[in-house]
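What follows are several structures.
Same chain, two partners: chain A is paired with chain B first, then with chain C.
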Partner chain A sequence: MTTASGTLRRSPGRARASRRRWGTSLALGTVLVAVNLLLALAAPLLTSYSPITPDGLAAVEGPSPAHWLGTDSLGRDVLTRVLYGGRYALAVSLSAAAVAIVLGTVLGCLAAYRRGWFDEVLMRLLDAVLSVPAILALLVVVTALGSGGPVIVLAATVIYAPAVIRVVRAAAFSVVSLDYVTAARARGEGFWAILRREVLPNILDVVLVEFAMRCSWIVLLVSSLSFLGFGADPPTPDWGLMVSENRTLLTVTPLSTVAPIVALATLIVGLNLAADGIAKARGIDRIVGGSR
Partner chain B sequence: MLASVIARRAAFALLTIWLASLLVFVALQALPGNLATQLLGRDATPEAVAQLEQQLHLDRPAWQRYLDWLGGAVTGDFGTSLVSQQPILSAAGLALRNTGLLALVVVVVGVTLSLVLGVVAGLTRDRWPDLGISGVSLIGMSVPEFTVSTVLVLVFAIRLQWFPAVVTDGSDATVGTLLEAIWLPAASLVVVMAAYIVRMMRTSMIDVMASDYVSMARIRGLTSVRVVLRHALPNALLPTLNVIAINVAWLVGGVVVVESIFNYPGIGTLMLQSVRNRDVPMLQFIAVLGALTFVVCNLLADLAAISLNPRLRTPGRAG
Partner chain C sequence: MSGLLAAPVLAPVAEVSALSVSYASAGGDVPVLVDVNLRIGAGETVGVVGESGCGKSTLASALVGYLRAGSRIAGGSVAVDGQDIVSGSATTVRALRRHHVGMVPQNAGSSLTPSMRVGRQVVEVLRATRGLDKAAAQAETVRLFGRVRLPDPAGLVQRYPHQLSGGQQQRVAVAIALAAQPRLLVLDEPTTGLDVVTQASVLALFAELRRDLGIALVLVSHDLGAVAAVSDRVLVMYAGRVVESGPVEATFAQPAHPYTRGLLASVARMATPGLPEPMPGTVTGAVDLPGCSFAPRCALAVEECRTGPHPPLMPVVADGADGPPFRSSACLRQNAALAAPAWQGSQRLPRSREPGEVLLEVRGLTVDYRRRPDARSGPTVEGVDLTVRRGEIVALVGESGSGKSTIAWALAGLRTPTSGSLALHDAAAAPGARPADLGQPAARRDPAVRRSVQLVFQNATTALNPRRSVGDAVTRMLTLRGLRKQAARTARDEVLRDVGLDSSFTDRLPGQLSGGQQQRVGIARALAARPSLVLADEVVSALDVSVQASVLRLLDDLRDEHELGYLFISHDLAVVRGLADRVVVLYLGRVCEEGTVEQVFTGTSHPYTRLLISAVLAQEPGSEVPDVVDDKEPESAPPPAGCAFRRRCPLAVPGVCDRVTPPWREPQDGHRIRCHVPLEELEELSAL
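And then the complex of A and B:
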């Protein structure tokens, strides 16, 4: 009925036209994501403070040699919390995006391969899922099942898999009608063999772009959830949570609010640039809707 | 022919809304805790709980309650709010009006602004106006609403003191009072929403400007303004319409964070309260409202596309 909230379409001409710029996007994006990943992993090596233990004597301090970005209202080092905060955001969003992508790719290919009633029923169901506001769905799931990491991964999967299914289905449609797939079918190969050997290699670029894009949306959604108080529980170091905790001190220690914002923005800009780079390199249009 | 296309779309739209209401109903059944116990408090007598369960029809099977709800919803009766004990429509009425006002400002400003910026970026591809606009829109889609709002509050409410940082009135605030405080929440939403539309408009403008009919119009010696407005713009708008529709529909959920930051008394604030208070009928209503908005926006975009592009008037091709 309607265009998917995010659809990818190939246009061979565009790839040639913008090849000049994709390399920069991809490189810059990959570096930004890699830096975020490394800083989060190496957090215990980079700082000697605890991200959780309060220090009443050092509360609400500005930047100093001891605390480069100052401290929050409980005296915890802001830099330390920002470094550790990447762990939660990255772990949740990478795993949620991975699950959504695997599920979406399999179902999307299956719909393109089977067509008929299976495809029709699945598409109508996805229309319905996509029409419910994502944040409301997430709030209900978290209230029902608690706000642990696995629950958020599950909820984000349910919310983002439908869009992935549609995109992958559209990409797979053009592949399954090609001669080599018909030949594979004629040889009597099953769905999984065809998926792995014929279809997947040809839509891998689309799947990769989807992965980077969904990652960035999940980071956005999960941090918004934490900000609203429905995600990570205090005292977990989480960027969204930090912004909501430190906002009241915006005039006193602005850095404690700005630092997690900058961290969030670099990670998401990085993911978006990487998605852009891959898409441009492979001549895929990214048509993006704000279906967060 | 055209009528059958529209009828088909409308039927699918109804099907989608119905399926969405069913999915949400099932999901809401999973909310923890016995509703009756929750409303009456922990030390309620079993008799009182049983009586309330009967009153709320909680003793009946779920499918029967869904059918009851559906029957009511069709006639505009969405049940009773568990918190205010008022019919849903009157309990949500003011919040709806307030969010409607916010959405109106956001859509009018946001869509106009992003279309103009998208066209400018597309026409000046890879030169500085485009690099500036594309850069800002990449950042716009890369930061969560709460960060945009926080920065806006820091600059315009705290440093410059041009606008209030929060709305102090409840949901019965007059339109005049709301209009004074509406600008920062509206600006936060415009930044996030415009980013996507700008990017789409830029891409399709580039595509269209490279097409044969635009070259043809230029060769015929038409002025640049006429080529852009009459030949390029309508065609570049086509693929952008769906992105606009999705982003307008996104507002129903997107307002949650922004309304909570500015204490804006709209449907987003109501949604958060209802989640906290387990107000299941209210959540069901808001979810269906979201689905309705999504479907209607997409339907309108499809119809607008059909009116802009005669090729879409044959069924089958448009799917």
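And then the complex of A and C:
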């Protein structure tokens, strides 16, 4: 590549500057998420207490060498419950986001590729789903099917897949009309080969940003649900549930409420920073709008 | 030397002095323009030519005081009306832009606001720059639209940009630029992407504006024909430097720089059959090499060219005392360059070939996009007959919207034809087997049939997946052919070699290749399928002239080597003349004329073919802008009956041409013209 024609393309100086600027937020976000993930995975190694078994003798204690963050009303170690709570939050949000993303990507690409009636019908269906407020839909599902991990994953998928489908469809639209996809169609490639070889590599950044964003929204949604008493059942160590259970003791043992909130905040901020970092580094418009 | 002193005495409209522009990149500053001098006198037209990446557009935007983000002035200045337009205060720059310079950007269509009526876009400028009140501005808009020769100016102001044709959008953009009554108009690639007829009429407009309004024009273009037709002076740029400048006639007739010579030689010409001479190599950066930046591509280069400093612009002293004035060239071997013939004629003349067996036979192809029957129009493509033989290049020519690409897409199985038979007689199939039916969509075709028909795209950049390496793009085809591992690798390298790329290209991504190399990869991908029919859709129109010539030669080599039949779609008649064996002329999806290149271009022809040929700009110096009158509304919908061309035809017979489908007339064996007008009359017209 010659320098003269190189400068005609994307400005290398600008790209590098933006990489530098957004690199820090991407790195910080990734570190925060990685720390959360590591602590959650290594929970059994980091603490000898059980997150579930109550200990009546140690109830409502402040921080001490034995219980760094104190204990809750049932005498369970708060630090242990926060660590195990990360497992629950991450497992639910990662799997729900993964399912929503896979489903959304496939359907979004299919809609962009097929167009016509398939696209039309799918979009109207999505409009219907999107018109229901997320928390309400989640409450309905949980009330009907009962709470528990798999149900929450299913419900979050149903709620978030439509938005993912729309975003991926929009990204795929611009790729599908390009000549290299036409060339693939002309040589008789099937939908899956076109998706995997031609479309997906060119919208991967969009999909990644979507994944990180949805993860953070689902963490928040699931915690809100638990806080309201519709999510995780006691005695599951869930951050939202912990805040709800311990908020009456806020003046006595504040750490039992603050610790899960801090954990929740770091994970969400981390996921958001990572999403932002990827988006800005790749020049994608960040998905606007909050957790719905 | 007296020539230099005799420069225009009038105060210049704009003056670029020792301008250097650099671009900040990872490896430090990259010079984009180096020490460029340009003085534009009142009413003068200056053409700026060169390949892409030579700094033409940077110079054009510097003239209106705009630099792309990331670039900065490393030295020199740009003065418009005596004031600095680049480093002046914001107020000065705005005032200069408001009253002194206008610019028509490349691709004028996208410079118009799509949601605003075109009239209002002009009114806005008039009120802001000339302070006219609403009624006066509206009246002035209509006058301006008439000035730029838009049809029905009063009605057109109410239209939105998408309701206009490409040429009309271009004219509206010119009207917006003219609204401020500038003294200098900068036109960046104003004819690129327009078809020949529109191109000619847009250029005629520029010549007229200059004559009537006395505006100075800077015409940046890679189209040497366009520059030759309307410019007084020409500036040849290479790698950010001006390498030659002088009056157009003298410069193009006897270039004093080998680069100018190379550019001129690589253009296909209507007047001479055969393929032009390609220029080797690609543009390098301005300061990548010691010595002259053109030396690596120069046939005349000597040791001093490679080691010494870059040669400065030196006055050209041509043979004899009455040498052309004002000429300068940055070449150490100026005399050798002057002595070399400017244009050696085609390097490769068409060979006479025995026509092979029939490969593709299309009869009565009709493609109808209309959802429901509509009595006011006909199908997009109707009753097209085509025959392509092995080793034969059949060109499909016509303006944009003539259904050329629709036909190619139908053959590739991407559009299902409404009716007609499309038969492919593939020699690779078992002898005596029934011909394959190309009426089937690609997904339903037999894999062998699918492979034998391959498409090469116009825009090589979008035709290649940016995330797939060159090797991968080619290998995919080979895998579909059933080749694996070592066999696939060998075949891949062979195919890449066939298109002139060595195996070091296999790991590169399309973004790391030049336009010509990308197009070669596109051709390699088609070749990998071992096709018998290649559908080449405007494959060279997006490439620089220097690259065009080499890709054309490649296509010509490949057809001999692989006995390929081509359907070569192009709006560039000069290219068609050089490459094709037979030509099919299309107008609004109907065939007007068909015959060998010689028969169509030199014999009796259809009135539409006449219009196309007369619109082609001669590349020779001193050529005039052809007088093509094409102010009529663009036609998008073909008529339901009669001759499709009748509305623009000078010979149309009322009552006949609009009712009855014209008959085929055969002036010669294999030459067919579809027209109501008797051959004798057509012959008279062609003789004019």
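Just so we're on the same page, the second predicted complex is superposed on the first by the 270 of 292 C-alpha atoms of A that agree within 3 Å, B and C clash if a C-alpha of one lies under 4 Å from a C-alpha of the other, contacts with A are read in each partner's own complex, and residues count from 1 in each chain.
The rule we apply is simple: a contact is a pair of C-beta atoms (placed from the backbone, for glycine too) under 8 Å apart; a residue touches a chain by one contact, two chains touch by 3 or more.
Remember, predicted model here, so these are calculated numbers, not experimental data.
**Q** Applying the touch criterion given at the start, work out whether A:118 contacts chain B, chain C, both or neither, answering first, second, both or neither.
**A** In the superposed model, A:118 contacts neither chain B nor chain C.
**Q** Check whether A:192 is in contact with chain B, with chain C, with both or with neither, and answer first, second, both or neither.
**A** neither
**Q** Touch test for A:201: chain B only (first), chain C only (second), both, or neither?
**A** Second partner only, chain C.
**Q** I'd like to know which partner A:183 touches here: chain B for first, chain C for second, both or neither.
**A** Only chain C; A:183 stays clear of chain B.
**Q** Should A:141 be classified as contacting the first partner (chain B), the second (chain C), both, or neither?
**A** first
**Q** Please work out whether A:228 is in contact with chain B alone, chain C alone, both, or neither, and reply first, second, both or neither.
**A** Touch status of A:228: first partner only.
**Q** Have a look and say if chain B or chain C is in touch with more residues of chain A.
**A** After superposing on chain A, more of chain A is contacted by B.
**Q** Once the shared chain is lined up, is A:250 touching chain B (first), chain C (second), both, or neither of them?
**A** first
**Q** Where on chain A do chain B and chain C both make contact?
**A** 1-3, 5, 11, 13-14
**Q** Where on chain A does chain B make contact in their complex?
**A** So the residues of chain A in touch with chain B come to 1-3, 5, 11, 13-14, 21, 124-125, 127-137, 139-141, 143-145, 216, 220, 223-224, 227-228, 230, 240, 243-244, 247, 250-251, 254, 257, 261, 264-265, 268-269, 272-273, 285, 287-292.
**Q** In their complex, what parts of chain C are in touch with chain A?
**A** Where chain C meets chain A, its residues are 23-27, 30, 32, 52-55, 68-70, 239-240, 282-286, 288, 412-414, 442-443, 445, 447, 450-451, 453-455, 457, 459, 462-468, 476-477, 480, 511-514, 525, 529.
**Q** Mind listing the chain A positions that touch chain C in their complex?
**A** Listed in rising order, the residues of chain A that touch chain C are 1-9, 11-14, 16, 178-180, 182-183, 185-188, 197-198, 201-202.
**Q** Which positions of chain B touch chain A when the two form their complex?
**A** Of all residues in chain B, those touching chain A are 9, 12-13, 15-17, 19-20, 22-24, 27-28, 30-32, 126, 138-139, 141-147, 150-151, 153-154, 158, 192-193, 195-196, 199-200, 203, 207, 210, 239, 242-243, 245-247, 249-250, 252-254, 256-257, 260, 271-272, 275, 278, 283, 286-287, 290-291, 294-295, 298, 301-302, 319.
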